[in-house]
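Listed below are the structures to be examined.
In the two assemblies presented below, chain A is common to both, partnered first by chain B and then by chain C.
Then we have the complex of A and B:
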């Protein structure tokens, strides 16, 4: 009955091609219909807006009775996606899979996952922690990744000067911005003689921003910097 | 697989905040380990991978055990299994035999046993009906009339067609020779069993039964919602949530609500013999779900042992193929 699997997958690919409204694409990667490339646009009003995301799809032997295997090819900064491997933590790809789901509906679920992260069930614990500790900083990073890896627009909030002089300086400036820190603060501690990356790490860890700054004495920062 | 987009190759790698140095450290195990050997410390595996390992073990232990649907066996075989144990179970078997139930057809305990058993018993009942032509036509018309409800429940049209095909063809082939298969002959009991023992075909049937159940619940929320509870946690659940998590996922057991819903969808009487060893006198309670248009119609009878359903039969051995 592997014919049934082939028939179903072929129907699903055709169905996706015919359906222009969902904006979900499925293509063959090699000549096998069991290894596919899915893609969709990042959802609006999220840090993924403007990006185009590609997903590697492998159809298991007993599909649709076993969940389809999916992982992001495009790097995504999201609590439920491994920032290194693209592995996805989503219940329907595991124990909540149902044969009534299709490739299209699963890709739509991935798209919705980008809208609503589940930081309590993370795939990437570090990203999840970033999401929970500082939402703005998390979103800046996610937006930056969308720009760099998914072809999204250049993040404007991270470049308050307006014009972008060059890629290298964007990265340097963004390092402070996406950490949600103030450049002046980073410069201040760097001037004492600490490595810039350490300063950024420590200030982020201390949540050195906004109203917090007045509560964190400079010597506490220095103490942490010496430990780092 | 590795894919490299040349347009991003020249860009600097995105700076990555070292969030592991932030307060409140959490489990950093997120990356899958490719090679697992005897020496692998399983505590180093990410949760998702550990889950998959466990699941694979569970799957393999289930699949190697019993067929998805077994041949009919005399109830005395079941009696022999219980003879060393509790007397009340043996008494209950004797009770069932005294009521004319001679056989049991076991199904694999994979969480789909209710749906698979009910589907088999439902189709076999049409096969064994005095006027099987009418029984088959009635069944097809009930199912056809239900199809729009599957669409209303939000299932993909292609998925509906695909899952309906196997049960429909089986029921049709009771009456009309199926030119596509079976050498142009009508269905035999052995072939019916064969279909239910084939992983893919059998699972398509289970999937169709689950879809019927889900659509029945989704289409009548006021009737079912008060009774929808999480099978493990006992918490109240919404209709959509319940159907997606408990009904539509393979391997999730059926409880009273699902039995009621599918009996209603199939318009069939279902009786379930509770074989739980509780009654000291050995009486067996038959819980009845009478949803057939004719309430006196003989029910499809299943036997329930806590956590598992099989089919209860008045015959003790497989019928011989009469139409060969």
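Then we have the complex of A and C:
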């Protein structure tokens, strides 16, 4: 069984190496052929365009009869991807897995998941709420994350893709929203006397959003702010 | 085989896949053909192919493993059951032939590409033929041999000693070699077969010349030739028996029934294993998975055509390898977790310990990874947890250390 698994993984890696057209890469992370690093480019015409996304791949013992375990290493702002852990909510990684799927086809599915989010079956409730309430604001944040974490192009926040033309007045608020933060929280720490940009930077790093807030004590934030 | 160095393993050539063939622009259809003869589950050439009710084809063992996870075809999700498997001898035949042809085709392609490149550099017609001929003769001969295996070899020898004199037999033997080259004819007078080139001389000498020549040559070796013929006959019979015995043994095998383990006691499962001469060591789950695996292996073997079936000893060897692999894979993560991981992350641990000491009662160095992902789904943004709850503390440490590192 293990031997068959090894042989199959080998073929899949070779298959990816030989196929230049798909732009999907698979590399070894450590000395185990069952712990891999997949990567692909963000799909065009989405907020993820231009970014390069890395995925941690763990191949279970009973592969291919059990699904591969995948999670994003690169932070992604997406309703079906946890903004904290990178966990992915995708049916084929769970009960819809089939042994005829391959690492390549699964990574391609992830790529297309970035094109078409499923906010009704969210992994990250906060992001999904953001997506449902304000698409343009969500896309700004996703683009910002792509730039910061995935090496995408710098978002032109003044004119974000022509989606919100001529709204210079909300540019200040945007900075907070784009980082995926709540304005009230930023204001709260700014009131203590820290620079606004610093506050945004630290809160973004701490992932000070949604349910996570309850886990991050104020002291911790202040401590980080003092260090910054 | 378990190889530890993944790089070496990636370069190893014993693992074949469709990309061994050039893309369809260079050799149309070959890559697709190789792919079509491969099981979509294990991506190897089909072993004991079976067809599900939906028409999709898999290796018997792969399909058995999959259906024990989920009773549906992995390609189209139509319902499927082991009881409705149908063997696919046509596919098996195609795969057997392709296994023979594959290395030959690959070599011919390589040479064709080589030729094209050398031809473009400088045209040397003399070299064009030379590499071709050995390739052909090399590749044709094994196929001839295998055909020889199919036809029972001793039949020719059996005819000889029946009615003919020993001399005749020997002569026929020697002539049959020339027969193959299509250059011998039967003498219309004496009825012996004579090389075409010598038939006139043979007739001119009243059917003596050739027989004298060959008789003179063979007279000394006739006895040993006779012995050879007999030993060939006996050998053939013996080897035939050797081959037939396991076949008969295999043919007599009937598929093992599936056991419903939930209603069986440990001892009954042990009895089942003992009845198959398998180890009865280990706990209940090990016993069950061992028996399941054996039933799958055994029954999958029966889905091969009788000539290709493996012997019980080979199945047992496979079984033993599987158990070793399982044991190895069960040990591996533990080893990595405790010793390797601790050594690799020593600096990080010490840093965290240092920090924890600096601010007593604030932080602890262990960080459970899963808590972050779990908490995502619970969207309760307005509640702030009590400061100092251990789970939340560790989470924040994880986040910060990730960013800084």
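In the analysis below, the second predicted complex is superposed on the first by the 159 of 228 C-alpha atoms of A that agree within 3 Å, B and C clash if a C-alpha of one lies under 4 Å from a C-alpha of the other, contacts with A are read in each partner's own complex, and residues count from 1 in each chain.
Keep this in mind: a residue touches a chain if its C-beta (ideal position, glycine included) is under 8 Å from a C-beta of that chain, and two chains touch if they have at least 3 such contacts.
Everything quoted here is computed from the prediction, not taken from an experiment.
Student: Given the touch rule stated above, what does A:141 touch, chain B (first), chain C (second), both, or neither?
Tutor: A:141 sits against chain B, while chain C stays out of touch.
Student: Who does A:10 touch here: chain B (first), chain C (second), both, or neither?
Tutor: After superposition on chain A, A:10 lies in contact with chain C alone.
Student: Does the superposition put A:87 against chain B (first), chain C (second), both, or neither?
Tutor: both
Student: Would you check which partner chain A:149 touches, where first means chain B only, second means chain C only, and both and neither mean what they say?
Tutor: After superposing on A, A:149 lies in contact with chain B but is clear of chain C.
Student: Does chain B (first) or chain C (second) touch A:73, or do both, or does neither?
Tutor: After superposing on A, A:73 lies in contact with chain B but is clear of chain C.
Student: Is A:20 touching the first partner chain B, the second partner chain C, both, or neither of them?
Tutor: neither
Student: Between chain B (first) and chain C (second), which, if any, makes contact with A:61: first, second, both or neither?
Tutor: In the superposed model, A:61 contacts chain C only, not chain B.
Student: So, A:219: does it touch chain B (first), chain C (second), both, or neither?
Tutor: Second partner only.
Student: Return first, second, both or neither, reflecting whether A:33 touches chain B, chain C, both chains, or no partner chain.
Tutor: second
Student: By the touch definition above, which chain A residues appear in both interfaces, chain B in one complex and chain C in the other?
Tutor: Residues common to the chain A contacts of chain C and of chain B are 1-2, 4, 7-8, 11-12, 15, 64-65, 82-85, 87, 98-100, 122-126, 129, 205, listed in rising order.
Student: Residue numbers of chain B touching chain A in their complex, please.
Tutor: 1, 3, 7-8, 11-12, 14-24, 26-32, 46, 48, 51-52, 55, 155-156, 158-159, 162-163, 198-201, 203-204, 207, 210-211, 214, 244-245, 248-250
Student: Would you pull the chain C residues touching chain A in the complex into a rising list?
Tutor: Touch list, chain C to chain A: 1-2, 4-7, 9-10, 12, 15, 17, 19, 40-44, 62, 65-66, 69, 74-75, 77, 293, 321-322, 325-326, 328-329, 369-370, 372-373, 375-381, 383-385, 387-389, 391-392, 395-396, 399-400, 403.
Student: Looking at the complex, which residues from chain A come into contact with chain B?
Tutor: 1-2, 4-5, 7-8, 11-12, 15, 29, 54, 56, 62, 64-65, 73, 75, 77, 82-85, 87, 89, 94-100, 102, 104-105, 122-130, 133, 137, 141, 144-145, 148-149, 151, 167-168, 171, 174-175, 178-179, 201, 204-205, 228
Student: Provide the residue numbers of chain A that touch chain C in the complex, in ascending order.
Tutor: My answer: residues 1-4, 6-8, 10-15, 18, 28, 31-33, 61, 64-66, 82-85, 87, 98-100, 122-126, 129, 205-207, 209-217, 219-220, 224.
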